[in-house]
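The structures considered in this document are given below.
First chain A sits with chain B, and in the next complex the same chain sits with chain C.
Up next is the complex of A and B:
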């Protein structure tokens, strides 16, 4: 029974990380309708930017978090302005955008490895002193609790942004039909640029939190991206609530999947789930 | 001189991989990012058979082909229902699953330790332990598969593939079962990749899972995107440049570990720049 409770807890913890990555990914997908494969590496950049500001420059932790999030957001913004926007202007297909983002992912990941080496690092200084909480007989660390709270905080903030502000209405209009939105006088490219900034900033935050929970390495982005994409698709791509739901669903399937078989099969289980969804419900749980 | 021969063999191997991937990506317009999976299947088939049983090289090649055909058939049935970026994501997932199998099925693949001591082939009284004779063998394979690919591309079957790429609905209206065609070319390409994998395993004599991860598939994709999609000579040209490029970096004089990362940066940049300025590659006839 204790194992069962801990598994539920682990599922929720893993799920909240996936949900957080999926939130930013879905937010960007909603406006641009292409799979931004560089999303994961932006999360890694967030983690490393924090590492740089806090550990190498020795700034205050909270200041470093804010700076790192802004930095990740700027990277996303830059990617849009330098790569995706020119491609969209040229009416490039989704596949061209996907390949370009694949290129950005490969290059940025290698650049991180050059600057910071491929070594695995932890962000929290002494992991043993982390506060532990007992919930129904299971254990959860302080960082993991923060990740869970942040996920729901960001979800609410994004929902408010999308459904209660003028800016959010414009994003939803672009999501429905970009050309018409442009015709009625909304600067769609500017708004998509902002969407990239916000989505990438969320990714950066996810990278920092994962860095506190486990650690950072240059290749962490790919893993986060893949899980985030799977969560988005099984939840309903482009739908921010769907992404969160998908994230938790993925967390549960993964953690209960390895109850009986060894833990190295997690990724395979996740992708088996993706392929099952692509066959039976390609639009995900939420989308009709 | 020995090093030049080594480069030439690598070129032949990657050119062969490019040819077979081009049939799927270039001619049929399906963005497959899982070529390294089948390449790995062939490599592992040869490695396991040659080290654990007494069978010859050619038996192991045929065995690899059979396994690759079986696997690609089942995953192809699923994948062929999709197109565009969803197809790409599905193949992404499949590559990750196969990589997990190589890594975790330790009884068979020895996991991360890899399989050392794979013997070089020997037949017709010619000993291929010499690198020069092995180069000739790999060039023979390259030209063989080149002619097979050219035959496929030029046949009526190949014309249907191109029609699927241009407009799948239209060709379906004419009564062609596009699903069968997509499946068939996927299986053929997988079988060709497996042959190349066998060749690679017996050349390097040591394989481990890291050679068949997702990044390797991206690398092969970069070759054909650079050379040009839907052009077989383009794939060979692309392999030539991509193998040669890191050698130029060598003269710049980076330390070894940074040079490896620099290579990734260059590959990533190539993909981005091609998508931006020359999406059809050097001599391509189709752009993504």
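Up next is the complex of A and C:
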């Protein structure tokens, strides 16, 4: 029974990380309708920005977190203004945008490695002492609890933003039909720029939290992105609630999947699940 | 006219004499950047130290270093560059993964390759050799230490790579007929960072000690997550604890590793670098010296062929190296001993050596 409870807890912990990445990814996808592959590396930028502000400049941890989130948001905003917006203006296909985002991901990853070396670093070291909490016989760390709470806070905030504000209505309008939204006088490029800022800031926050939980390395973004994308597709790509649901579903399937088989098949389980969804429910759990 | 002929003749002769002293090129593939850069730096320092100590050799020796970050994909491009562009005569690699990449290429291209690797497959063929403490030696010491400590139930966390697989396969054989059993063996992929569920699976296995077979950074993340899971079972390793710079994570834990280098080598290395030798350092120093001694022994003044170098290496017996008296056996292995070590005050210390 204790194993079962701990596996549930492990699934929730892994799922909350996937969900957090999927939240930002789906938020951007919802407005732009393209797979922003640079989303993962923006998470890594968040982690490294925190490392720079807190560990190198020695700033207060909370201030460093805020600055790192803003920095990651600005990187996303910059990517949109410098790369994606010019391509959209030229009516480039989603495939061209996807390839451009792949190029951005590779370049940014290399820049991180040049600036900080490719060495793996743990953000929690010498900054905070990890507290352990016992929940129904299972163990969860302070960072993991924060990740879980942050995921639900961000989900609630995004839901409020999308459904209770003018800005949210504009995003949903762009998501339905960008051309018509522009015709009725909404500056869609400005809205998309803001969406990139918010989505990337969420990715940056995910990068910081993953850095506290395990650690950061320049290539961490790719793995986060893959799991985030799988979670998005499972839950319903572009749907923020779907992304969270997909993240937790993926976490449960992966962790219970390796209960009886070897841990080396964890990624294979995730991709098998993705293929199953692509074949039998390509629009995901939430999208009809 | 006469002056022109003399000038041409001079340059032709000069050219031919230069050809006869064409340097022997030794390519070294090691992690110079990344998580295990500290190991590659140690290997580089040891080889440069060995090169500095050369005196009155027939040939000039040139060393070319290539960084592979201990990543087999990078090893493949590094070895192709060393063979095709730099035209090296000998290649030295670090790790079973990189060694397994280079071995078939070296065999096919006829270039002598020395691996610092656990996996005996690295020494397959006529041109491939290993200088490392083989799994059989390490496991002999490891099992004896488990028995001495009265440990009967062993849990294994094993990274999915050749070196770890070779050690665990040999360990399984050695445990047959003993009272010790592997009660759980958790395999994970290189690059994995979430070990929570495999730790949960291993937690109830009743293991009295966990054997961690992983490289950095998986090793540190795994150790951290084991502690976070509230598991207080002791940890041990074969080589692993010296594959990380964060040895303090394993304070007070015993493990098995290659035996200490000679005092003379340790003092020379420390005097040059101001650091203690890390994993593979004494092996790389020995390989360089052994290769040079072998090449110098080959008769003639023209640069020897790779085939001749490889054949001469197979005849090496009782070579006085940094890791003691070394010989190349029929499988192309230069065998050195293992020792039980412990992390004490943040430093590895030998607590007992093999007979």
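Here is the rule we use: the second predicted complex is superposed on the first by the 284 of 288 C-alpha atoms of A that agree within 3 Å, B and C clash if a C-alpha of one lies under 4 Å from a C-alpha of the other, contacts with A are read in each partner's own complex, and residues count from 1 in each chain.
Basically, a residue touches a chain if its C-beta (ideal position, glycine included) is under 8 Å from a C-beta of that chain, and two chains touch if they have at least 3 such contacts.
Just so we're clear, the structure is a prediction, and the values are computed from it rather than from any experiment.
Undergrad: Quick check on the superposition: with chain A as the shared anchor, is it clash or fit for chain B versus chain C?
TA: With chain A as the common anchor, chain B and chain C collide in the superposed model.
Undergrad: When the two structures are overlaid on chain A, which partner does A:6 contact: first (chain B), second (chain C), both, or neither?
TA: second
Undergrad: Taking the superposition as given, does A:149 touch the first partner, chain B, the second, chain C, both, or neither?
TA: neither
Undergrad: Is it chain B or chain C that touches the larger share of residues in chain A?
TA: So, of the two partners, B touches more residues of chain A.
Undergrad: Identify the partner contact of A:229: answer first if only chain B is touched, second if only chain C is, both if each is, neither if none is.
TA: A:229 sits against chain B, while chain C stays out of touch.
Undergrad: Please indicate which partner A:215 is in contact with in the superposed arrangement: first for chain B, second for chain C, both, or neither.
TA: second
Undergrad: Of the partners chain B and chain C, which touch A:264 in the superposed model: first, second, both, neither?
TA: Once the two structures are laid over each other on A, A:264 reaches both partners.
Undergrad: Tell me which partner A:120 touches in the superposition: chain B (first), chain C (second), both or neither.
TA: Touch status of A:120: second partner only.
Undergrad: Regarding the shared-chain residue A:106, is it in contact with chain B (first), chain C (second), both, or neither?
TA: A:106 sits against chain B, while chain C stays out of touch.
Undergrad: Kindly list the residues of chain A that each of chain B and chain C touches, one partner per complex.
TA: 262, 264, 267
Undergrad: What does chain B use to touch chain A in their complex?
TA: 31, 33, 78, 81-82, 84-86, 88-90, 92-94, 96-97, 100-101, 103-104, 214-215, 218, 221-222, 225, 258, 261-265, 267-272, 275-276, 279, 287-288
Undergrad: With touch defined as at the start, can you tell me which chain A residues reach chain C in the complex?
TA: 2-3, 6-7, 10, 13-14, 117-120, 122, 130, 132, 139, 141, 214-215, 217, 223, 254-255, 258-259, 262-264, 266-267
Undergrad: So in the complex, the part of chain C that touches chain A is made up of which residues?
TA: Its residues touching chain A are 33-35, 37, 69, 160, 186-189, 191-198, 200-201, 203-204, 216-217, 220-221, 224, 228-230.
Undergrad: Can you tell me which positions in chain A touch chain B when the two form their complex?
TA: 34-35, 83, 86-87, 92-100, 102-111, 113-114, 222, 226, 229-230, 233, 262, 264-265, 267-268, 271-272, 274-275, 278-279, 282
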